[in-house]
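Chain IDs A, B, C and D follow the sequence of writing; residue 1 opens each chain.
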Amino acid sequence: MDQNGLWRCEDAAVVSQQKSGPDWYRLTLRAPAIAPLVQAGQFVQVRVHPDGWIGSDPLLRRPLSVCTVHQDELTLIYRVVGRGSFILSQRQAGEGINLLGPLGRPFPLTAAEQCPLFLVGGGLGIPPLALAAKQTPGRRRTAILGARSKSYLAGAEEVAATGIPVLVITEDGSSGSTGRVTDLLAKHLGPGDQVWACGPDAMLMAVSALCDRTQASCWLSIERPMACGFGVCIGCTVARQRGGFAKTCVDGPVFRSTEVNLLG
Amino acid sequence: MGEVDLNIAVAGIPINNPVWTASGCCNYGRELGTLYPLRELGAIVVKGTSLDPWEGNPGRRVAETPSGMLNAIGLQNPGVEHLLRVELPWLEQQGATVVVNVVGHTVAEYVAVIQRLAEAGPTSVAAIELNISCPNVREGGIEFGRDPSAAAEVTRAAARVTPWPLFVKLSPNVSDIIPFARAVAEAGADALTLINTLVGMDIDLASGRPVLGNTTGGLSGPAILPVALRMVWDVTHAVRIPVVGVGGIRSGDDAVRFLLAGAQAVQVGTAIFQDPWAPIRIRDGIEAYLRAHGHRSLRSLVDAVRHRLDG
Amino acid sequence: MGEVDLNIAVAGIPINNPVWTASGCCNYGRELGTLYPLRELGAIVVKGTSLDPWEGNPGRRVAETPSGMLNAIGLQNPGVEHLLRVELPWLEQQGATVVVNVVGHTVAEYVAVIQRLAEAGPTSVAAIELNISCPNVREGGIEFGRDPSAAAEVTRAAARVTPWPLFVKLSPNVSDIIPFARAVAEAGADALTLINTLVGMDIDLASGRPVLGNTTGGLSGPAILPVALRMVWDVTHAVRIPVVGVGGIRSGDDAVRFLLAGAQAVQVGTAIFQDPWAPIRIRDGIEAYLRAHGHRSLRSLVDAVRHRLDG
Amino acid sequence: MDQNGLWRCEDAAVVSQQKSGPDWYRLTLRAPAIAPLVQAGQFVQVRVHPDGWIGSDPLLRRPLSVCTVHQDELTLIYRVVGRGSFILSQRQAGEGINLLGPLGRPFPLTAAEQCPLFLVGGGLGIPPLALAAKQTPGRRRTAILGARSKSYLAGAEEVAATGIPVLVITEDGSSGSTGRVTDLLAKHLGPGDQVWACGPDAMLMAVSALCDRTQASCWLSIERPMACGFGVCIGCTVARQRGGFAKTCVDGPVFRSTEVNLLG
């Protein structure tokens, strides 16, 4: 198979798989064709089945954001929410996992802006921010990470490991301050600042509204159910503010907040 | 062992192999084109194309089901002018064989799309495929595909204006598909594509509401293969025009089942989402089957099946 | 946490839980009865019962498909006299709630089965379920279930003679199920069961011939769940008589989807083949869902859904 | 779950799984609830998926005859022919495999007949004859085992291990004599003898015809595709000579040859 495109298909080898929280896992894969290409905010489409599995259920791949990249390895952090993620959590070191990727439009990494950059993540929105911190070395960054409680701060370690300042907030106060990421962001955000946010829709809408009020610019990484992940099915749409729909898999997952209407 | 010849002409279109990509499952080919040359596909059936751009449905559009998926894209597409201006010139450069899947809310809209294409006369287009699973706004939203006389009417009008062979893609959501096949064949269809998706739905356990923004959606994927195969079998036993089989195909063996049921080519849809190389794998699988069963060419299998059907 | 009350009356039959076994998937209960008391089932719908014994189809009768299976049993059954003499007395001893699924080739045959049952008056029988997916020999083999007026005719005749509530089980192989639901409701059905199997087929790669002795077969199992759910949704939005949902259910969550679509009970068929305890698991799963969602009783969920449907 | 019936459902543990021929495997399972109950000719319905697999494809269990029983362990010998048997072949020691069983009507083990008994097996019909030899200690038995060539004599070792005389025949002569089981059987069978045969339909029909000619009594173990395996679906039928159809899963798989019509 010819793979000269910008995205590849490869059987990645499981380097390690660890349960790292109540319901979330760290999965490191050796993926020499894909890992070096990944830009922060991009994702891979994961075939969750064992090697050689003959069967058609579950049918579709599962999209997971890349959390960190080290040479030819990449790490995914994911929560077990259904059968796909459950099956994935059963794969062990040495097994193969088929990936398509890297997919999607990354964060605006190349924009050489000088303003402060806030990386805001909630729950399973935190992992991609680790790569975002790593791939923006020239910028003044602060991470603001939230979850319902300490053990759900999946990926916070990876963000902290990049060395950037990290502010943590949990709903039950079990780590950092008590409250939600917007409570912290409101204290630090100033006009002209930039925010990259990843998390559930409700959080993204609150962050976006705060940015509007503060006159900060805002990018959102949006999750929508996907069938293909590479642009052919038009299944993963989000409404555009100017009308019509954008594909979150190729036009996103990262959008300027002013481009999209999460309720549309 | 010599080469197996996969060339075949379906309703007069020469194709270099019997595996096509299904409408709505390969967009306009650009994404797959980054992976392999589009000439490797027998043909590419582009996304349903309307006169004006269609926005598609709000809300959630896809959901997974056991061995299948539901979609409620709502035929989002940028319209025929965009196809002519942007997509077809690129497809022509790729040397792709293009089938344009046409949609409309009224007979006049279907006709207008084809006329516009005919006027522009793009050389990459090899055939028109009428998607008659669209709501017929003039008839209160009942699909053209659910009423044989409406299906015949839109086919007749399209046949009158198309310079290309006319394929009509039938809906499986009918009591008996044969009257539809007969009606559109008599109305001038050169070939039939079957099947489109089955109507299904899913309900969210937390909210108690339908999962899809559009309430119902089209069921596709391996789950529907037995239904598609049966309809192809029924139709090839009832009408003489060529049939292209589609529904749940994900391997060469699956495709061969459709050829054995009397189809002359197949389309691959949902399987692309799991594996974008599926059409190539399936083509190679058909070739391996033909070789193993002593056929030097696809034609030889298709003729043998035709002979059995006629016998 | 208190008990969740799973009792409900469907068309006047009181049942202790909403999970029934589907016709043809539990025979007469003896096999499951060696595993658990049949009283644990909401009801047991016995194999389609005809006036005289039916032999069933020759050749291969079952084949696996993606997340589903095809069957072409051909309604093999030992007839109503055997049911009365051998099976019903045993079922009565078990304390089972029995629904008799009735089949026939003519209206007169359906009526005769019910009359014979009525005459004998077995106390274990709680309801009659008309399986109208049978070939109507008088009408050249077209199924009763594919023509609304034939469906209404057999329903009317059955309603006239049955001393028990009458359930009519609809075929999904129709363009629009609502006219069927309306026609049989008007003709006297007390409740509807839906769906029966979709028509499908498989072809053997080696021989090139259909896998099943009967060429086509009925597709069941998880693959068809989205179609069944959509039909239940359509019908509960169109008619007021109770609906029992069936098609691909294999977990409590699957069953709850049907309850949320407006069904008052569910039947479990194919899932039994993989796991004979499936009906019990599903019942427990429904109970867990109700508890987690703050319902003290099944009635409370069913009423809430009804309220939404009426609103 | 109450399991007081004659058949049980249990998660058996894989004790060992070995590829033992070109396309066949030996799978030994610890199944304390089922193993002690098995009578020769009975089978188990095997769920081939990994533990906890969440998915519906393949949907049905796979019927496999029991080859040998040792205390609470049972051994299955199976050929990889499709996706179910392939998935089964991937299961490893320590994993769990869910079984229903024992199912079906066994060979007529209790009939205390004195005549010579021929156990005739072809290909994957050989394995159940090992248990048949073991469970008929009081009888004068001879095994006649055939396959296309030596490496396909799956289960012949297990039959030989019971200590009964074994005659082997292969189509290519790579083991024993050259030809088919009926060639050997014809040489040894006499009037009044008894034959228990298991193998492909064509072999069963040839054996049955030979028995008729020789006035020997004949039992056949018949394979038909099954949905349930325990009598509820009526999917696994074979025609009865007297008309109508019998279920191979509960009325069989072992039938008197005069009961059934394999072509019907």
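The criterion applied here is as follows: a contact is a pair of C-beta atoms (placed from the backbone, for glycine too) under 8 Å apart; a residue touches a chain by one contact, two chains touch by 3 or more.
What you see is a predicted model; the values in this text were computed from it and never measured.
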{"item": "Pair sharing more residue contacts (C-beta pairs) when A-B is set against A-C", "value": "A-B"}
{"item": "Length of the line joining the C-alpha centres of chain A and chain D, rounded to whole Å", "value": "53"}
{"item": "Chain C-chain D separation of Cα centroids, rounded to whole Å", "value": "35"}
{"item": "Whole-Å separation of chain centres (CA-atom averages), chain A against chain C", "value": "46"}
{"item": "Residue list for chain A, restricted to those that touch at least two other chains", "value": "55-58"}
{"item": "For chain B, residues that touch 2 or more chains besides their own", "value": "65-68, 221-223"}
{"item": "Arrangement of touching chains [line / ring / star / complete / other]", "value": "complete"}
{"item": "Residues on chain A engaged by chain C in the complex (per definition of touch)", "value": "55-57"}
{"item": "Chain D contact footprint on chain B (complex, rising order)", "value": "66-67, 222"}
{"item": "Of all residues in chain B, those that touch chain A in their complex", "value": "24-27, 30-32, 34-37, 47, 53, 55-56, 58, 60-69, 71, 73, 76, 221-223, 250, 270, 272-274, 276-277, 280"}
{"item": "For the chain A and chain B complex, residues of the former touching the latter", "value": "1-7, 9, 47, 56-61, 100, 224-237, 239, 243-245, 250, 264"}
{"item": "Chain B - residues contacting chain C, complex", "value": "65-68, 70, 146, 173-176, 198-203, 205, 208, 210, 215-216, 219, 221-227, 229-230, 233, 248, 253, 256-257, 260-261, 289, 305, 308"}
